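Per-chain residue numbering starts at 1, and chain names A, B, C, D, E and F are given in the order in which the chains are listed.
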Amino acid sequence: MIANSDNTSSAAAPQPRIALFPGSFDPFTRGHASIVERALQLFDHVVIAIGYNAAKISHDDISRREATIRSVYHDRRERVSVISYSGLTADAARDSGACAIVRGIRSVKDFEYERDMADINRQLSGLETVLLFSLPELAAVSSSLVRELKALGTDISHFLP
Amino acid sequence: MIANSDNTSSAAAPQPRIALFPGSFDPFTRGHASIVERALQLFDHVVIAIGYNAAKISHDDISRREATIRSVYHDRRERVSVISYSGLTADAARDSGACAIVRGIRSVKDFEYERDMADINRQLSGLETVLLFSLPELAAVSSSLVRELKALGTDISHFLP
Amino acid sequence: MIANSDNTSSAAAPQPRIALFPGSFDPFTRGHASIVERALQLFDHVVIAIGYNAAKISHDDISRREATIRSVYHDRRERVSVISYSGLTADAARDSGACAIVRGIRSVKDFEYERDMADINRQLSGLETVLLFSLPELAAVSSSLVRELKALGTDISHFLP
Amino acid sequence: MIANSDNTSSAAAPQPRIALFPGSFDPFTRGHASIVERALQLFDHVVIAIGYNAAKISHDDISRREATIRSVYHDRRERVSVISYSGLTADAARDSGACAIVRGIRSVKDFEYERDMADINRQLSGLETVLLFSLPELAAVSSSLVRELKALGTDISHFLP
Amino acid sequence: MIANSDNTSSAAAPQPRIALFPGSFDPFTRGHASIVERALQLFDHVVIAIGYNAAKISHDDISRREATIRSVYHDRRERVSVISYSGLTADAARDSGACAIVRGIRSVKDFEYERDMADINRQLSGLETVLLFSLPELAAVSSSLVRELKALGTDISHFLP
Amino acid sequence: MIANSDNTSSAAAPQPRIALFPGSFDPFTRGHASIVERALQLFDHVVIAIGYNAAKISHDDISRREATIRSVYHDRRERVSVISYSGLTADAARDSGACAIVRGIRSVKDFEYERDMADINRQLSGLETVLLFSLPELAAVSSSLVRELKALGTDISHFLP
């Protein structure tokens, strides 16, 4: 019998389950949007966290990137928020009250990279990393590829949410 | 029997979030126990679901396997239950009220196998598969290896929960 | 400017370019059909070659498998033929007048298997192997998975051509 | 019996089958030459297409690279041509009248990269990508490695055609 | 300064460094022979250790396999010996006085398998596993492939030492 | 200075077996230290060889890096030495009198990179490369990750020997 613990006294209302979805999102693609969508089936709230290197990108550029992603989730802003951070992912997760990091994996290369990151994040903060497979039809859509196509003058709207 | 708690009253009582953890668990190793432990940080309830081929294993053997695993989680039976099934994993998940399938991945080989399974389960039932990396120090511990070591007379208690 | 060599004397009409597509095709899936379709963009003719182990399968079963696949390509029987063989793939290719073996690859596991096979076939017969990536949305569809789903009573028509 | 369709009226002389072999070829190695050689067994004509980033390399450098490769195939210039392009590979393929892109794969890393590229090219232009395995004894020979050896003063002629 | 420790009193002559090379060697291929050859550059002695499942193969068959391999190394029997064992590899290594297990790796699949085995053997016995890459031109030569080719009536002498 | 000891007398004095452990070691991590430790079980002497690009790093920086590593092995300086080199690894190995190159592998990505390097080094110098698996709990610890963590202000002493 599965019973959701007898919260008769409502003092201890169950905490919302928050996942941090970190990335550089340069740009935020349909592949990323698909991960957010599916993470919302598993968590109460998803924090999209734009990691950046303060030495390489201006504050304005990051603000714009934040605003762009935020506009995508305007109608669901109660369940999806957007932040940016320049330090450790583990710290961003703790500051957001996240119980897990969520990441999409598209390939073996991703798999090995994420494994190392997950291991280090677990060592540094005890935080769990949850992986979702990218949808097969979106697996080829990486930010770097979209950037490259854009630089060549290709219409990339098909790859964006 | 897993019943999605009788929320006769409270309009807004959030449903418990249930994950199905399918496998053959022959035997249930420390690697499996680690996945259950970590899934409990993300879900309210984990259903350990022993998949079996009715033509290859007796009802008694499956009952014993169920009982062994159940005893491991006796103290937490409100959050961990054990079932067995001989059909589709997607059906077992639906019957359990699970919102996701959870699986551990240890290697590239696992990664590709799980990707195909996740894709098919998504196609068949819309159900999401969530992956957790096995802990590095447990990555080599597979059921098949433990069975082989046991057949050679090695003490395998170190690999069991 | 690309000019095809001046075949002024037409006695030597160009030979049709034939590819052998070997496999066990148990069953022949939409994934296989996609490879045939795309190979027809590259070759004049595709020979679907059912490899079998004479000790493990009856002549009748192979005949039926041949007939099933043949019926799929009935309207294009001038460009797609179906044979079966129990020996070396390299021999089947030579007997069919094929200039290449064509195979689909879905995963890293396939990649390494095909690499070894291609290397051995090149050593044994000088024959080249040409690879096509499976379409992403079909990458999870393997014959073994389809067989397993069928054994569990699932409707598999969605996975067949 | 395999018969190529009765082309009794010769008005429709079969079009030469052209493959585009894109790369940066910096430098063009024995590994590349081996792919050209084997592609010529499958296609009537191979267009070696040097992709470049106009912002990073001078017109003169590209012209030199073109000339070097062209000299390798001087005796077969009717079947092998060399071009350079700075835009999309898919566009270069269309402009060349190619029915397929051909690429060599040496490793799992290549496999995943090529899979993404092939998928995007199929989405952008419907063009098929055909893969050939590098010969085992040439699998370690990449342009970047050859460049590095050259920078260290090693004689690299052994790695060039 | 590298000095081989001051063995002034020669009672303690340095122990020969022995490596165990375990496998089923069914059959012993040129790929295996290449590993032995190269291991002899690193160790004083190589023990080829045929692992077998006593329930699946007769004592006579194992004796024959031992004899066949032994005959290959007859001229170097002072540095290469052949044993068979049906228990743990770690035990066979200890009984042989080996300071390391040596294995060849041909592929990613091998890599992951060997990693698990090495990890378990280190846990069980503290024994180190040393890996050598198979030579590229021998990477496709596995025992299972050679067995299959033999079953199809192919001359396999090219793949044997 | 590494001198292959002047065995003027003793006809039979076995030569010390020296392994070269090349890398950039920026920084030298616990992962590297673990490889040295385990290589010492197999070889008489390990030469830690810091490869550097003379155009990118100053002589002083390399000297400091050498000194740091040397201090780790001060108590075992008879069996572990530290050098730096800016040319071919194969040349550094020969100059050190090494009979093998030793490297740790952590992942499939490493595996493929090392395979290419080993193949080229074998072609250039006949030198063998010996691989040791990184310990599972250290597999995520790469120099690049440690550098990144340091840049973010994280205490990295846990990752250093």
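Heads up, the rule we're going with is that a residue touches a chain if its C-beta (ideal position, glycine included) is under 8 Å from a C-beta of that chain, and two chains touch if they have at least 3 such contacts.
Everything quoted here is computed from the prediction, not taken from an experiment.
Chemist: Between subunit D and subunit E, which partner chains are common?
Modeler: C, F
Chemist: Report the chain whose mean Cα position is at the greatest distance from that of subunit D.
Modeler: Measuring from the centre of subunit D, the most distant chain centre belongs to B.
Chemist: Which chain is most remote from subunit E in terms of Cα centres?
Modeler: Looking at centroid distances, A is the chain farthest away.
Chemist: Does the subunit B and subunit C pair touch with the same residues on each side or with different residues, judged by whether over half of the numbers are shared?
Modeler: Because under half of the interface numbers appear in both copies, subunit C and subunit B meet with different residues.
Chemist: If I rank B-E and A-C by number of C-beta contact pairs, which comes first?
Modeler: It is B-E, judged by the count of C-beta pairs in contact.
Chemist: To lay subunit A over its twin subunit D by CA atoms, how big a turn is needed, in degrees to the nearest 5?
Modeler: 120
Chemist: Suppose each chain is reduced to the average of its Cα coordinates; what separation in Å results between subunit A and subunit E?
Modeler: 47
Chemist: Calculate how many whole Å lie between the centre of subunit A and the centre of subunit F, each centre taken as the average of the chain's C-alpha atoms.
Modeler: Going by mean C-alpha positions, subunit A sits 38 Å from subunit F.
Chemist: Which integer distance in Å separates the CA centroid of subunit E from that of subunit F?
Modeler: Measuring from centre to centre gives 26 Å for this pair.
Chemist: Which positions in subunit E are in touch with at least two other chains?
Modeler: 108-109, 112, 115, 119, 136, 139-140
Chemist: Could you run through all the chain pairs that touch each other?
Modeler: Result for touching pairs of chains: A-B, A-C, A-D, A-F, B-C, B-E, B-F, C-D, C-E, D-E, D-F, E-F.
Chemist: Within their complex, state which residues of subunit C touch subunit A.
Modeler: 108, 136-137, 139-140
Chemist: Which of the residues in subunit D end up touching subunit A in this complex?
Modeler: 87-88, 108-109, 112, 115-117, 119-120, 123-124
Chemist: Please give the residue numbers of subunit B that touch subunit A in the complex, ascending.
Modeler: Touching subunit A: residues 1-5, 13-18, 38, 41-42, 44-45, 78, 81, 97, 99-100, 105, 108, 111-112, 114-115, 118-119, 128-133, 136 of subunit B.
Chemist: How about subunit E: which of its residues touch subunit C in the complex?
Modeler: Within the complex, subunit E contacts subunit C at residues 107-109, 139-140, 142, 145, 149, 152-154, 158.
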